[in-house]
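Each structure below appears as structure tokens.
Both complexes shown next keep chain A, but they swap its partner, so chain B is in the first and chain C is in the second.
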Partner chain A sequence: MAEYTAKKLAQMLVTVLGVVTLVFFTLRLIPGDAASAMAGDTLSGEALQVLREQMGLDEPLLTQYLGFLRNLAVVDLGETITTRIPIAELLLRALPITLSIALATIVVSVALSIPLGTLAAYMAHKGRNWLDNGLTGAAMIIDLMPSFWTALVLLLVFSLGLGWFPASGQLNWSDPWALVLRLALPVIVLSLSQVATLARITRTAVLEVLNEDYVRTARSLGWSELRVLFRHALKNAALPIATVVGLSFGNLLGGTVIVEFIFTIPGVGNLLIAGINSRDYQLVQTLIVLYALLFVVINFATDLIYKTLDPRVQF
Partner chain B sequence: MNYQAPVKTTLLEVRDLRTEFHTASGTVTAVDGVSFAIERGERVAVVGESGSGKSAMAMSILRLLTHPGKVAGGEVLLDGRDITKLSEGQLNAIRGRLVGTVFQDPMSSLDPVMRISKQMIEPIMRNLRLNREQARAEAIKWLGKVGIPEPERRIEAYPFEMSGGMRQRVMIAMALSCRPQLVIADEPTTALDVTIQAQIVEVLKNLTAEAGAAMMFITHDLGLVARFAHKVAVMYAGRIVEFGRVEDIFANPSHPYTQSLLGTIPSTSMLKSDRLPQIPGLPPDMRYPIVGCAFKERCAAAHDRCLREAPRLTDRGIDHRAACWSQHGLEHGATLKVERPERTNKPFEPDGSVVVELNALWKQFETSRKMVVKAVNGVNLRVHKGETLGIVGESGCGKSTVARLLLGLEKPTSGDIFISGRAQMVFQDPASSFNPKMTIGDIVAEPLVVRAQGNKAERLEAVRRLISQVGLDPAFAERYPHQLSGGQRQRVAVARALALNPSVVVADEPTSALDVSVRAQIINLLVDLKQELGISFVFISHDLLTVRYISDRIAVMYLGEVVEYGAAEEVFADPRHPYTKALIDAVPVPDPAIESRRTTTPLQGELPSPLNLPKGCAFASRCPMATDRCRAEKPSLPNHDLSRQVACHYAH
Partner chain C sequence: MADITLTATPVPKAGLLAAIAAVFRHRALSSAKVRLALLILVPILALTILAPVLPIQKPLETNLRAMMQFPSIEHVFGTDKMGRDIFSRTLAGVQVSLLVGFSVAAIALVLGMLLGTLAGFYGGLIDRAIMTVVDIFLAFPSLLLAIGLVSVMGTGIVPVILAISLADVPRFIRLQRSQVLSLRSRAFIDAARTVDASQYWLMTRHIVPNTIAAMLVAASIAAANAILVEASLSFLGLGIMPPQPSLGNIVRDGQTYLEQAWWISTLPGVVILLIAVGLHFLSDGVRELLDPRSR
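After this line comes the complex of A and B, so read on.
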């Protein structure tokens, strides 16, 4: 176990380092830099150069890269290049919001999709396919709708049209109900595609397990259908489901950027967009590292969950 | 008056049972009006080929069929109560409690993420109304009874930590632990080695007899039937075509199908020159209604009435019924068509030249945990031109590794392989060795394409020749693998192996996925090819009767070593190594008279791990006559050139 964890941690470190390096250099390939973005058309060549020196952009790339790594190693996130605000401070405000959206989405989608997929699988197993067909059809339609489009439609109908949910405004942690209303639409948008994926995976996994010999064994022992379904079928089907839940977290992180932008929520996604627009290398790099870290940590957690679910997997 | 109620002895009575599968391509009547009865404590074997409806019938009794299967009619009386009328809840009180079930594949029949304790204890608590502690003691007791060593410890194991034989013991313990009155065993030993099969059969037989439980035993192995059953039901195309006491069925079979089945088994008295009788054709397609007798197309005795009217079961003797219009089935003497293809050239005469030679062959694999699996340990073997070498042994003995080394699919750790000419392979499961998107013609031509032999027209010509050589119509070249039956696919696999004119064909369990009636067809084909083309075969199988019939010489392998080698007849008639003796002993003979006289003491234990081999004789841990010398000193095979070799200190 300890050996496994150490190996896994080393792998995670390599992954994050790879992402950091890739992001650092590709960012520099984009035409223009923070200085020119900030200055716009107003500054002359010389003044722009002065601004560059102030921002530390005149140093050789390698020096900038090593400096960035050194600061990361001691968890010094630095300041934004353009506005000189400590990034740690920005994150402290933005990260809880984004994590709340992501967690709420996972809870909602798991709570909906697993019962739905299990029921569809069970009915298909018994030869009644309507729920199964309905689910597959609905999932296909949802997959066809890009989430930015769904987000805009929901915003138009429920916020601007019916006025049920606020479309903008401050996030107030002290007023939970207002917070729920404010985050409801983004969570719904993200959950839609998650439910579509997870319900289908659950359906396939459970249906497959229901045809396994050990399910027949359980029935031959006189166990009720409910017990067969929960104790044997769902427990075994949980293995592929857990894997997919873990993997879909990556999609979810990408999704938060879009919904935060559309619903003007001051989360990490909006920070990222602002950073890209102002070519704030420091901010963008730091955020990407954060995303990469979140991703590998979730994957590691999935691995651990998988291993507790399946005794056949050895550490 | 002294009135005594008649003792009611019938436990299960099935009346006119019909089971249908509603599929997209039509309704298949898998079980078509089956009626029979099982008395208390009686063992009834149900035999038939795949698709004959034997499993569907057994599963219908407890309504364990899954969609699209459905019981469409009939009655199942258990202790006089019709259980087809029961609700699911009422039926659950019978499943596991009154009727225990053992399934075919022990590898998949236990829940992989649950400990044995959990899977066993809770049914016992529920069915016998015991508390957890008592149920646990009961479970451990049964695990001990079925022969699991250290049951107190093993009960906490997960299924994946056990071998197939051990898992099947667990299944039997589970099925028997709630004291059922009837045990339904659906091919319980098919997935196991002969030696393990013999152990499992003994366990099932003894424990059900001890508990007074009746048993319905589904199998396609007529040898097992002879060893095991009181009565036999023979099924064909969804119906019972013959039912009777085991002695009567074997001594006086009266349905042509039963007669043919018994004829297709290579018998011990059979001469090498005899061709194996084979049943022509295939079982009917059950999606279409069958007019007349279902067996008519394959029956030598079929006449007009058989084409129009399906026969019903009629009495042929005491407790003996058969469904055939003629009283004695096939006429005596003309039992089976023995088809012989026309010979174009003279049969090949072996000249003693060596085609394959393996010298001091070793193969070791390294596991992910840096342990060394010693798969093949110093094997010396020769195959002569135009001869068949049979390799037998339990799974894990290294026989398949030898095959892979011979074909160059693996590199030996040390030793030499000499092959004069080319070696080709025929696999156990042809379906999975074919690309489903390729036509049969493309599949057969593939080796020629790979070797860039001939142009397109020449290859087409070669394909037609090869396909007819294996007894198929050349028109099959246009078809796809899924359109062929298992036997036809295996013929195609043979054709593909022949494409490059190999000097030796390695066949790894080529008949074990096939039904009995089709098996004989493939064996005859291989024998014909050997004689006509002078090809040598290496025939790997656990089916000892078939190996005996087809092989000129036999090598018996144990833990990566050859322990006995010699002419097939000699080895079988006079086995000298204790392991060979045990193997031959374990094979059930399809003759109840012989089986009832035999006192079988099955080989104990299982194959030791090839990770740490014993210092002395590899077989010492299971050998009934092992001494200190065996455990200390390794016996070796004598001179390579001897025609008979035995690796045992005490063999003469």
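After this line comes the complex of A and C, so read on.
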């Protein structure tokens, strides 16, 4: 296990270095340079040169690159160029919000999709396919719905129409119930597509296991259906489910940008959009690296969980 | 678009044509999924092509005497705050969507087949170089990679197409490489080797034609996905910018008036969903027709 972890860790570090390098050099491909793109027509001559120096763009490319690596390594994220606020400070406020939404989505979608998928598999196994067919059809449609559209429809019905959830407003961390109501719709929107994927994977994995010999053996021992289902079938189906939860985390991060934008939640996604709109490349490059890091770390964790669940896994 | 695919890859025409012919040989229309797909896509395509001659207001034409009107016979999807016809704007948006979808699918298909074949067939250093870059690209959540790329390349149709393609190509490379790797060790390749077939002959006559079916299926899924990503980018204000209509930016425009005029945002979204469902059924149906095992 230690050897496996070390090898995966090394792979992860190589990927992270690649990610950082790619982001750095892509931003240097901006026509002109980041300073003139940022200033537009507002600055010229000397003022532009000052901005360039502030952004460190007058130094040789290699020096800039090494400086960027060094700063990331010691978590010195610098300041936003336009407003001169330390980026670390912005992240300290935004990141917990985005992570809470992502985490809540994972909890809700796992809690819903595992029973749903298991039930569908069980009924299909017994030859009653209606839940299975319904689930597969619904999952496909939900998967293909653009999430910004789903979000607007839910907002229209449940916030503006029925008034169950607030559509905007401050996030109030001291009032948990208000917070739950405020974040409910974003989490529901994100959970919908997660449940669509996860329930389908659970159904396939469980159905496969239900046909195994050891499940028949367990039944022949006279154990209850529920015990067979949860102790034997679901336990062995856990592997593919865990993998898909990890893999779909990337989609989930993309989804948080959209729901934060629609429900005006001050998370990392809104920070990113604001950064792009004000052409603050310092902020944008930090955030894109951060998203990739989150995704890479989750994939690393998934690999380790997978290995723990199934020790047979090789590199 | 298909012609570009043919000339830019080392694919012999026979490969692609054979795949398409196979679909028809198995009577494409006998597949319920293909029929359903065509039932959805053909009317949308026909309306989009016929849009300029239909008796509807032009997409950019404003009419201050018909602002925020509820859907009616005259304005099927209603009108927006400037009295523009949402149906006509939606059709113009579908044009953009289809252009983006097919361009992305074509670019990803061509680059993916080219680089994936090279990596899988030659192995060694070429393989390692290509796959290292692929792994780095795959470390980004795909929507965020597209957002990052448009933030550098700017807004408009061409940057959006390039950004989404770049985010998609790595997946195609990986798929093509794995196909080539499994084909390379098959007996018919050894057989061709024994009669002194050249590397180029092996690659273009024996390996690549056998990979096309799976790549076409992947391409049609990529097209549906690209349409959704373009809509998301435009919705966030990072893709296709107004006044040029795109399904995403029409929905964005309507967001402000959700309470007073719900049709502006919701109806174009239904059209996006329909196109995505249509393409999904099409790829599913074609996959079943091409893969005898799944029938």
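Heads up, the rule we're going with is that the second predicted complex is superposed on the first by the 276 of 315 C-alpha atoms of A that agree within 3 Å, B and C clash if a C-alpha of one lies under 4 Å from a C-alpha of the other, contacts with A are read in each partner's own complex, and residues count from 1 in each chain.
In the analysis below, a residue touches a chain if its C-beta (ideal position, glycine included) is under 8 Å from a C-beta of that chain, and two chains touch if they have at least 3 such contacts.
Keep in mind that this is a model prediction, so the values were computed, not measured.
In the superposed model, A:G127 lies in contact with chain B only, and not with chain C. Of the two partner chains placed around the shared chain by superposition, neither chain B nor chain C is touched by A:T136. Contacts of A:S278 after superposition: neither chain B nor chain C is touched.
When the shared chain is aligned, no partner comes close enough to touch A:N71: not chain B, not chain C. Comparing chain B with chain C, the partner in contact with more residues of chain A is C.
In the superposition on chain A, A:N211 contacts chain B only, with no contact to chain C.
Within the superposed three-chain model, A:L27 lies in touch with chain C and out of touch with chain B [touch as defined at top]. Shared-chain residue A:K235: touches chain B; no touch with chain C. Chain A residues in contact with chain B (one complex) as well as with chain C (other complex) do not exist. The residues of chain B lying in touch with chain A in their complex are 62, 64, 66-68, 88-89, 91-97, 100-101, 103, 105, 108-114, 123, 126-127, 158, 160, 171, 174. Within the complex, the chain C residues that touch chain A are 132-133, 135-137, 139-144, 147-149, 151-152, 224, 228, 231-232, 235-238, 248, 251, 255, 258-259, 262, 265-266, 269, 272-273, 276-277, 280. Across the complex, chain B is touched by residues 125-127, 210-214, 216-225, 232, 235-236, 239, 309-312 of chain A. Residues 15-16, 18-19, 21-23, 26-27, 29-30, 140-141, 144-149, 152-153, 155-156, 160, 249-251, 253-255, 257-258, 261-262, 272-273, 275-277, 284, 288, 291-292, 295-296 of chain A are the ones that touch chain C when the two sit in their complex.
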